[in-house]
Amino acid sequence: MLTWGILGQLLWTGFAAATYYCLFAVAFSLVLKVNKIWNFAQAGVMVFSYFALLVAFRHWSLALVPAIVFGLLITLGVSLALERYAFMVFRDRNSSILTLFIFTIVFSEFSVYLIELAFGTEPQTLYPSLLWPVDLYGGIAISHWDLMAIVVTAVLMLLLYLFVYRTRYGQYLIAVADNENLAEIYGISRKRAYGVSISIAAVLITAGMYLFGTKAALFPSTPLQHLLIFAVIATILAGIGNVFRAGIAAVALSLIQAFSILVIASKWQALLAYILIFVVIIFFPRGFALPRKLSGLVRPSGRSASVAVADTAGD
Amino acid sequence: MFEVQNLTACYGPLIAVNDVSLSFETGVRMGIFGHNGSGKSTFLKCLVGGVKDVSGAVVFGGSPIVADQVHRNVMLGIGFVPQVQNVFPNLTVEQNLHIAGSKSNSSFLEEAYALFPLLRERQDQLAGDMSGGEQQMLAVSLALMTRPQILLLDEPTAGLAPAIVKNVLNSLSRINSELGTGLILVEQNVLAALDVVERAIVLKGGRIVFDGASEELRAKEDLWAWF
Amino acid sequence: GDAPAAKKKPLRFGVADPLTGPAAIFGKDQMQAVRWAVEDINAKGGVNGHPLEAIILDHQAKPEVGIAVVNRFVHVEKVPVYITAFSNVVKAVAPIANREKVLMLSVGANAPAIARLGDYVYTTFPLADVDMNALGKYAYQKMGKRRAAVLHVNHETGRDGAKVFSESFKRAGGKIVVYESYEQERSDFTGLVLKVKAANPDIIHIHSVIRDFTAVVAQMRQLGVKTQITSYQTAFNPKMIQQLGKGAEGIIVTALAPSVEDNKNLPAYIERWKKAYKRMPIGLPYTQYFYDAPYIVAALYKWVLDKKLPITGENMRKALVAIKTFEQPLTNTVTINDDHTVKKPVYFWQVKGGKFTLIGSQKD
Amino acid sequence: MEYILTVMVLIGINVILATSFNLILGYGGLMSVAHPIFYAIGAYCSGLLAIHLQIPVPLSILIGAGIAMVLSFGVSLPSLRVSGDYLVIASIGFQLGILHVINNLDFTGAAGGLTNIPVLNEGPSRSLVFVLLIAVVAACAVFLVGWIVEGDYGRAITAMRNDEEAFSALGRNAMNIKIVLFAIGSGMAGLAGALYAHYFAYVTPEQFGIFTSAALLTMVVVGGAATTWGPLVGAVLLTTLPQAITFLGLPVSIMAPLQGVIYTTLVIFFLFARPQGLTGGSRGGGGLEAWSASAAFRARRDAE
Amino acid sequence: MSTIVRVENLHKSFGGIVVADDVNLSFETGEIVGLIGPNGAGKTSLFNLISGVIPPDAGSITLGDHRVDQLPMHHRARIGLARTWQNTRMFHSMSVIDNLLIATRRYPGESLARILFRRRALDAFRQEATEKAVALLERVGLADKMHEMAIELSYGQQKRIGLARALMSDAACLLLDEPMAGVEGQAYETIIRVIREEAQAGRAVCVVEHNISFIRDISDRTVFMFNGCVLASGSVDELTRDSQLTDLYFGGEHPQ
């Protein structure tokens, strides 16, 4: 019953379906790395982002570009406001990590309730219909959604990569991530860096929510209950601080889940993920990080020098 | 030109720097001495705006140093090596240097390597994995990368081997004479530092108790009594 | 007229249903039905001149909220009878009803276990064994299907419904080729769909909440699975057709409430919805039962008042056992069996041309 | 009256949970969020034992708590290898994993929950008796934790939290402390769970998920982490608040979100207005950061 | 004199960097050993290996009669090892005195069972420990800082507290990593005195320092490390006579 066609299909569709997880994981991981915040408020931002898009598409019937722009603006606004009026305040006060933890979670809950208040609790899709045109290539169904998702994600990841590693501002982010006080001493504004990273996250989130909402309906509570956990797990599996690897981990995790149905009952699929996290964390506490290259670092042993040194004195 | 007027810095109820007024030219070579807890590090931090709870004024080259705006203040041309946490621990040596130089220019990289050849060997090592003294070398090079008009160094030689100490102090005087970079040096190693500086300040309980030429301080029989 | 009804002491009863949360989409329309029913009863003079009053609270389809809400009914509002729905909540609050001797009517929850929850717990709604038994048999005998795939969401209703369907289908002679469950809130079903595709069934039964149902079907259709799909009463929902468009064509759902052909009041009821909200109610059959539930309460109150008994949960239960058979405006005859179950005909609807069309029924 | 008693039972349960959570999280600095799973284990084990093996309820409650205590190794062992952020996720994995198993096994009632759990006590004043019992247990929990963390043991806990390596280099065994903290805290949570199960007679997996973790965390932090009375205040306040909101007479159809908005807004307000928690002192960083229980420190504070 | 710590054939490397290459060393009771060497020679790493922060690749470490190289850190400390850190490492949210009390040996108050049943005895012990801690703080000249939070002290003060903390445990062997770095010149005599007293009390002391006159003043024997190897050992003057060593360490010139 298992044919290559089905495996190929699983790989392709699973890959496409992993794209928004990838975006969310990278956004989460980036904010964790630079702003040093376990930003569970991301779920709240995701909700706002989604419903901004929803209003633009469904209520105002805007065209694609203005609708996305509107969604992005709202997402940016919420994100920056969070950074400026909440994270910064807690940071200045030297609040404990727990306080921030709670704040971010409660903020997400608050957003969910607020949106439920405004929009009701029904699941909503961005377009009235969930069906996309499908083309068949060699027995593999390729929906236009898949193509769009993969292209959007790939482009965004590429841009982010270029930004981080090829621009000066990317370097600033890296510096602030590592030691924000020292970065200030080298003229880098940490506040600006925090703003930039949370804005990048906002872009990724908007894209991710658009992809999600064109594939399935969203309850206001879905980001908090489901999407975010996934991003957190991917972040950890990749090892904290490996932003791009978090994206890869998200894709891998999602694919593993998709494929695992071929061997285990689907009701145990989620368990597989949990066991995986538990085991990975305990046996590879730094994530699936490759051992760092130390090959470049060689120095002669002091023994070579000692040959020439006469034994100066006895004990 | 640094002008400090009635500077007072507090940590809660504790007054760490108490009503200090002082001024010096950009090209100065000055040492700040004092016993542990006398407020040296705090004073240095105030010069870049790194302490929040301050009163009084600090002006550098006509521009005020604003508290809690370190990144702006340093762009006026100040280099600062803090006493602790003075490297980016999870970045490689090379990345450290690039970041330090990114706001000015990275051309000083070669000179930094020439000053501490070890750093070139360790280009790819994570700064946090290096020994205490190696980190100290890196920290000094980082500050040099910005090509500042004035360099504030908080115990730059602590933990360095004697050979390196000499090397660092010599290079600092060279940089001062060749480029006109000012030096403000906090040191416990008073005698070695007095060789480099021309003006000395002694802090006690946050106040200035001595301000004069370094020779004058050296000449004092009761050097330690000043502390 | 209503004048006397307003003066006498109101007869109160509790209704708990999800008004927020993922299940609220059903709860809201169900509560509207209850409000209309109470209005209609009171407009006709209430019960012996007493107005009926429904205290409606939200349990969010969450057991712990349900417990708090029912505690409030019993201890703060002191009602002798309350109505609730959703299997997990029904199970959670049943012990309170038994302990406090307050009559509890379950409307719409369909886990077969509900029949065995205790003396004070009754359902006015047929449980899953009724419609899923019928559907299993119908699929095999009338539709000629032989190989079924069964998918269900992992919650009370999903598990029970899927189980009853597959047992009935097997009993009829069919074969279950895939039997899988998944967690709520999932968005990607690729693996599941492909597994079903590989097994090549000739019918797929999906027992799931409406959001998951549309997502699964959408992904099936896009991955080229064109097989006949069946589901149960929650999929009896115009939104589902809207989101699936052409993909919805041919889907068969069950309904436990009579259709327009069998019930003379129904057309007017539907008109009322169209007038008030310009749409059909979501989960029409459920709302029929909910509209009728206050009529049962009214009948119980009337029995107790006529016998001049004190208004207690115990007496309400006595009334229910004594009356047994109720003639209902929208669901015809409802008979509460001694074993706490209700038997009703099952109706099958199919999506044709973007609309639900009755294709058959099974009455026995 | 009965209604109020039920709310009081919930308050008591939450006080036990928050207090024990505070021991692990606030004092121990062990960032595990898996506390509700021990609550679940206590509830399920005790309930299942009473249902299937007809074990007398008081005994099954104790066994349930004991099992939770033993299973706390599931989190304390990882905590020996990883800490901080990693522990958070390991514990989430542990929590959701076990919950997922419960959610899919038939004999636990799966997603539908475990029904018909025998209750601890019957009779007309059942709730009153139960409230008294819970109050006693909660008081014991608060005092036990307060007593563990004051004085020398507490100082060792704080030192471990500050710098585990330096702590070990002084000859102190961090492992022991972690295992003890988790065992005691989880045992208390298990007890709370068992008591819950035998009062409400019904438990379902969804009661023990990540949202419960968040709710407990909120109680601890809003009340004041690493303080004795903080979790108690937090639990009382945050349990009664939602109940009180239901009596505001809000329109039913938007009650839950509105209630949620009010509740979360209040929590956020507390976080901003009282960063050290409601009971935390005025000292920066609050109870969580400062260790202030040493005899010497107290002497000075009293002198001032 | 008897040997307290014996290190034999110790190897350790990080990738290409060898931090211990066949190191053989021993510390005797009552002896103060100075450990010098250029930056990155492996001095701190040697301390880390002995105290158990990092595991060795090969070789053995014995402490008294115990082979300790596979034991966890706290075990070694209990057998009788105390160390300071190059970068202070205070318990930052505790007061200075509590920082010291934590280091008390076999503190009964840190066993739950004992707290439960023997509170009286505990109080007596606590009293004694507190007195000892205060006395130590006086010896390092920081008694007036007793109740400050450790994090609020200046760097040099923290270093001295670190020294006092290491002395609390009465360990048989003391490893001091740059105790003078950042410490004011005035405290020089104090610290020398304190370390001498400890050695006289029968402890083995090993001091890493770059302040060569300090090492000359204090040590009975000096060990020179370079790139992970022990190159020489003897008195400071003997070592400085060797031109190659001075090249490596002092950059050509002989000190003073």
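As written, the chain order gives the labels A, B, C, D and E, with residue 1 at the start of each chain.
What we mean here is this: contacts are C-beta pairs under 8 Å (C-beta built on N, C-alpha and C of every residue); 3 or more make two chains touch, one makes a residue touch a chain.
What you are looking at is a predicted structure, and each value in this text was computed from that prediction instead of being measured.
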### Maximum centroid distance from chain D, chain identifier (CA atoms)
B
### Task
Sort out for me whether C-D or D-E is joined by the greater number of C-beta contact pairs.
D-E
## Note on the structure
Chain centres from averaged Cα atoms put chain C and chain D apart, in whole Å, by 37
### Summary
Rounded to the nearest Å, the gap separating the Cα centres of chain B and chain E is 29
### Message
Taking the mean of the CA coordinates per chain, how far is chain A from chain D in Å?
### Response
30
### Query
Taking each chain's centre as the mean position of its Cα atoms, how many Å separate chain A from chain B?
40
### Query
Counting only residues that touch at least 2 other chains, which ones in chain A make the list?
116, 121, 225, 267, 270, 292-294, 296-297, 299
### Message
Quick check: what residues of chain D touch more than one other chain, meaning two or more?
### Response
104, 254, 256-257, 284-285, 289
#### Entry: Sequence positions of chain C contacting 2 or more other chains
20-21, 154, 181
### Query
Once bound in the complex, which stretches of chain C touch chain D?
19-21, 28, 31, 56-58, 60, 62-65, 67-68, 71-72, 74-76, 87-88, 91-92, 94-95, 111, 113, 117, 154-156, 159-160, 181
### Query
So in the complex, which bits of chain A are touching chain C?
1-3, 6, 9-10, 13-14, 17, 116, 120-123, 125, 128-132, 134, 136, 141, 143, 212, 215-217, 219, 221-222, 225-226, 254, 257-262, 265-267, 269-270
### Message
Going by the contact rule set out above, which residues of chain B touch chain A in the complex?
### Response
48, 50, 70-72, 74-75, 80, 82, 85-91, 95, 98-100, 102-103, 121-126, 142, 146
### Query
Hey, which residues of chain E end up touching chain D in the complex?
51-53, 72-75, 77-78, 82-83, 85, 89-95, 97-99, 101-103, 105, 107-110, 112, 115, 122, 126, 130, 146-147, 149, 165, 169
### Query
Which part of chain C faces chain A closely enough to touch in the complex?
20-22, 24-25, 154, 180-183, 185-188, 190-192, 194-195, 197-200, 210-211, 214-215, 218, 221-224, 242-247
